[in-house]
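I'd like to ask some things about the structure below.
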Amino acid sequence: MAAGFKIAEPLEYHRSFLKENCRPDGRELSEFRTTTLNIGSISTADGSALVKVGNTTVMCGIKVELTNPLVEAPGKGFIVPNVDLPPLCSSRFRPGPPGEQAQAASQFIADVIESSEVIQTEDLCIERGKLCWVLYCDMMCVDYDGNVLDACIIALLAALKNTKLPEVTINKDTGSTRTSFCVFDDSILIVDPTAEEEGLSTSHLTVVTDEKERLCVVHKPGGTPLSAEKLQECIGRATARQREIQKLVDKVVHSVKTAQ
Amino acid sequence: MMEVCGSTNVSLREFGCEQTLLSRPDGSASFVQGDTSVIAAVYGPAEVKVSKEIYDRATLEVLIQPKVGLPSVRERSQEQCVRETCEASLLLTLHPRSSLTLVLQLIHDDGSRLACFLNAACMALMDAGLPMSCLFCGVTCAINADSEIITDPTAAQEKESRALMTFAIDSKEQRVMMSYTKGSFSVHELQQCIAVSQKASENIFQFYRDSVRRRYSKNL
Amino acid sequence: MFSGLREKVGQVLVPGDEFSLEVQETLSLTEPLKPEKVLLGPGLKRRGDRKLLVVKSGVLRHKQPHVFWVENHQRRYVPAKGETVIGIITVKSGDVFKLDFGGSEQASLSYLAFEGATKRNRPNVQVGDLVFAQFIVANQHMEPELVCVDSAGRANGLGVFGAGGLLFSVSLGLVRRLLRPRSDVLSDLQKLFPCELVVGMNGRLWVKASSVQQTLIICNLLQSCETMTTAQRQQLFRRAAQGAL
Amino acid sequence: MSPMKLCVPGDKLCSTEDCIPGTGIYLRHGCIYSSLTGYVLKKNEGEELPVISVVRETETQLLPDVGAIVTCKVTSINPRFAKVHILYVGSTPLKDRFRGTIRKEDVRATEKDKVETYKSFRPGDIVLAKVISLGDVQSNYLLTTAENELGVVVAHSEAGAQMVPISWCEMQCPQTHSKEFRKVARVQPEFLQA
Amino acid sequence: MPTDTKRVRGPEVSQSPTLFLCKHAAVLPSHGPRADGRQRDQVDVRPVFVRCGLVSQAKGSAYIEAGNTKLMCCVYGPREMERKDETDMKCGKLTTDMRFAPFSCLERGSWIQGSQDKDLSLMLHESLQPAVCLHKYPRSQIEVNVMVLENSGSVLAHAVTCASLALADAGIEILNQISGLQSDGEMTEETLTAGVRTCIEGCYKLYPVIQQALTKAVRRAAPPPSES
């Protein structure tokens, strides 16, 4: 009847695990799910990457096009990130235009790109005021099992590294990674939440750090309050995670390069 | 709490607030911070659509209307921030299977708009008489090129800043309910900004109390 | 007892303010020794055993012996058992009517909950009729239920009404002022014109005076009462009596 | 034990002369075909021919059926009926939400006209019920609790504690010792343990 | 065009750099082997890779890769009818939704579903409808969502195959496995029948692959029940 307990009283069910400092899927509170990365799998895209964080799967495809820069910013190109959460990835999403969650995710990714300066939009300019590149970065969630923003950032980063612009070199030396936390019952912190854990927790926190371990985004869209000490704890964990992901991305990019 | 260093400026622009200025909604408030101005309206607890019904609590919807044009992705992301902050302070379980709607209309934007949205929202929720466990307020901090922290920046100051952070602080323990940041900054700078915001929140909460007292002065 | 709370009576509180319900160590001799239970009205909630939390902004009021509540200017009505409201019939279905009373869901009213109604002898009630009724079920879990009879089965002022009058809405605070024993607004009004007035706790008022003009004047006077001090109101009523409006 | 035979939809399993059709199959031109991917199971049930079915271990039941025992959570109540979400059909959890209705007259078998829904269920209660009809276009699944084994199995008191059944119509809060009315199902020890 | 307020917007117009490259002769040779070396007029199907049950959230899912064409299909349901008034007491409803990822084609696709997607959704619906035992799922709906990750031809055909796999993976009763193949171009009656014949032949070739994928998924999901 354990399964009955899980569905009838999901919150009590999770609490009973957290009391023992573990989670229903066997992980510890601060343990991430296995993350795998595959790049360049889509030949129609100019850059692509597939990321799996546990069950959560996100595919990022980048299409490069040419356009005229804006009059008010003649020396800048465009990066247009969009996150799509199609009905395919979970029964919670309905067909039609993107919902609030997808829109907030798109805005979040746009903020991350701007704050972390992953790509300088100036580098995308070909001729000042005349011609520039536009990078359409579409992140498509294929399997929604929590922590989608993390997966999106990793996918975006890997896909950007995989993108080659004809006759243009971009310096993409700053990478950034994010880490998601969930707060349970106002006091217990867990990382890399699954969809179920996300639904039951009282607050979410996302920390994005760059290679130089500076913070890019500390995003907490409301929820139960958090003290400064807890915040510090999250940031410490995020920087550690950043190094792990950086290693993973570098490894995969390198392996693809040597294969060519 | 961290020591606030002397160079940082905890001054806030002049505040203004008026409750119950609209006749149709169940609660309304306008909030002015310098030249930034927002009107908030609350409807509910009202009938809820079957598809949005939650059996053990009220459903809260937040709509942000920009000054001109249609709301875009940016507004959607701010709606999420405001909504989740309100959800944490409201006692939604007292009104199960009902709907609450909060509409925020931006009148003029001169920096710190997310903070102003939060402040207007809190005053409007209070005006509507919805049960809340605590109050909350929004504070925006900007770090300029000289690494100075400016609280409640104007649009011009925001533009020049290297990093921009908005926090929602609760009235009970002055903890961080929401954080929304732009630009890159160090951990120390973050902690400093939080400390400054906590200090600023005391002024705002006092302002809340004063304006509510003014409103009820006739009934004392 | 509850001295912390007592001190604040008549003052403005905001959500998040907390009070301790701890019984004081030094008991005063004038107060009874038996610990008495505090009764909490709207705007106050118990937090655990010892704490009391303010959840609405407004003025703290107190009634002997230990009744406390927060008075505020709420506009949306939340039903409470025993309160009388003005509802509008919206649907007739099966054995019940559905009533809109301005709350978050419609209330039900049984055919049999009228004076003298039986299964054969159904009351003559149409969609759109105004009904003055009392809540017998009103809590957050259930659909609110109204009746038009008292416990003895008598109408006692409840039932269908409202031919030729005017229905309008005011704030819940004003309604409570009108319903207070020896209400000053009401006594001022009585001096003005003779009229019929039905006051629903849900903020709805129904007025009928001898002429349409007088009805409208009363309606306007009541609506403007909300934001006036006593002196301003008395002046306005005096002007109305002189026929200045 | 020989490995079980697997089949995919459209596989011809046997002729109707060899077996009696069970579940997960369909008939066409006197032959039995599989309509599921799963294991072929032949069972002798004392009749001349074995019953042939295709079974999947994971999800045996996808939809609530008339006569099925379901576990549900009460979402709202009014004087005429209680609305519930069906969580389980038998022991199979449902992935998607299905709504059901327990009408006042279906709460218990005796003294039907004295039933008060508010004294039988509260929102949040976990209830065992039986499907009596699929309802019509306008309504949900119709359920009943008019059996001793059916009714509330898990309920929380006003104070928030899980209550203990003390009779078929009352439960008690272990903290405050206050009693609340419910249509209680006959105690099923395994459920209480969880 | 109405502005799309629900996405991060880019510049109003932009062109793909491929437009500026000189086009190679786009005319396909009418004789000899096809561009990728396969034989014409023969049942020479691209190598197919199929996998079931990849998406944790869906009731059933399938992924198919044929050459460079990559598709993903998820099945949700049977669930309660979304619109009450469409509830059918006798029979379930099948809904299909087929979409292209913006990066799936050479030309960047728009976010908004075009008429092509809707046509394909409809055709997919028509191919699946007769095979699903809808009478077993009264007053409920079964949703089939197809996402094209990379389009390199024969999308509809593989979508049909993929969808029927996902349905079978979801444990929804269907009469038969369906697989699709596509041949294109203007056809005379004669070539049409020939085309159909080659397609059917090709489908037979696909069949064992599908069977294998399904049985593998079932084996993984559950051990065989003990014979009792």
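Here the chain labels run A, B, C, D and E in written order, and each chain numbers its own residues starting at 1.
As a convention for this text, a residue touches a chain if its C-beta (ideal position, glycine included) is under 8 Å from a C-beta of that chain, and two chains touch if they have at least 3 such contacts.
Chain identities (UniProt): A = Ribosomal RNA-processing protein 43; B = Exosome complex component RRP46; C = Exosome complex component RRP40; D = Exosome complex component CSL4; E = Exosome complex component MTR3.
Fair warning: this is a prediction, and the values are worked out from it, not measured in the lab.
Common neighbours of chain B and chain C under the contact rule above are D.
Graph distance from chain A to chain C, where chains that touch are one step apart, equals 2.
The greatest centre-to-centre distance from chain A, using averaged C-alpha positions, is reached by C. If each chain is reduced to the centroid of its CA atoms, chain A and chain B end up 27 Å from each other.
Mean C-alpha position of chain A lies 40 Å from that of chain D. Per-chain CA centroids place chain D at a distance of 35 Å from chain E. Residue positions of chain A with contacts to 2 or more other chains are 91, 103, 106-107, 110.
Looking at chain E, residues 6-9, 76, 79 sit in touch with two or more other chains. In chain C, the residues that touch at least two other chains are 141. Interface note: chains touch in the pairs A-B, A-D, A-E, B-C, B-D, B-E, C-D, D-E.
Listed in rising order, the residues of chain A touching chain D in the complex are 1-5, 7-9, 91. Across the complex, chain A is touched by residues 4, 6-11, 13-17, 20, 54-58, 68, 70, 72-74, 76, 79, 97, 99, 101-106, 108, 111-112, 143, 145-147, 149-152 of chain E. Against chain C, in their complex, chain B makes its touches with residues 20, 26-27, 44-48, 89, 91, 94-99, 126-135, 170-172, 208-209, 212-213, 215-216, 218-220.
Of all the residues in chain D, the ones that touch chain C in their complex are 76-80, 118, 122-123. The part of chain D that touches chain E in the complex is made up of residues 1, 3-4, 6, 8-10, 24, 26, 28, 33, 35-39, 41, 43, 55-59, 62-63, 95-99, 134-138.
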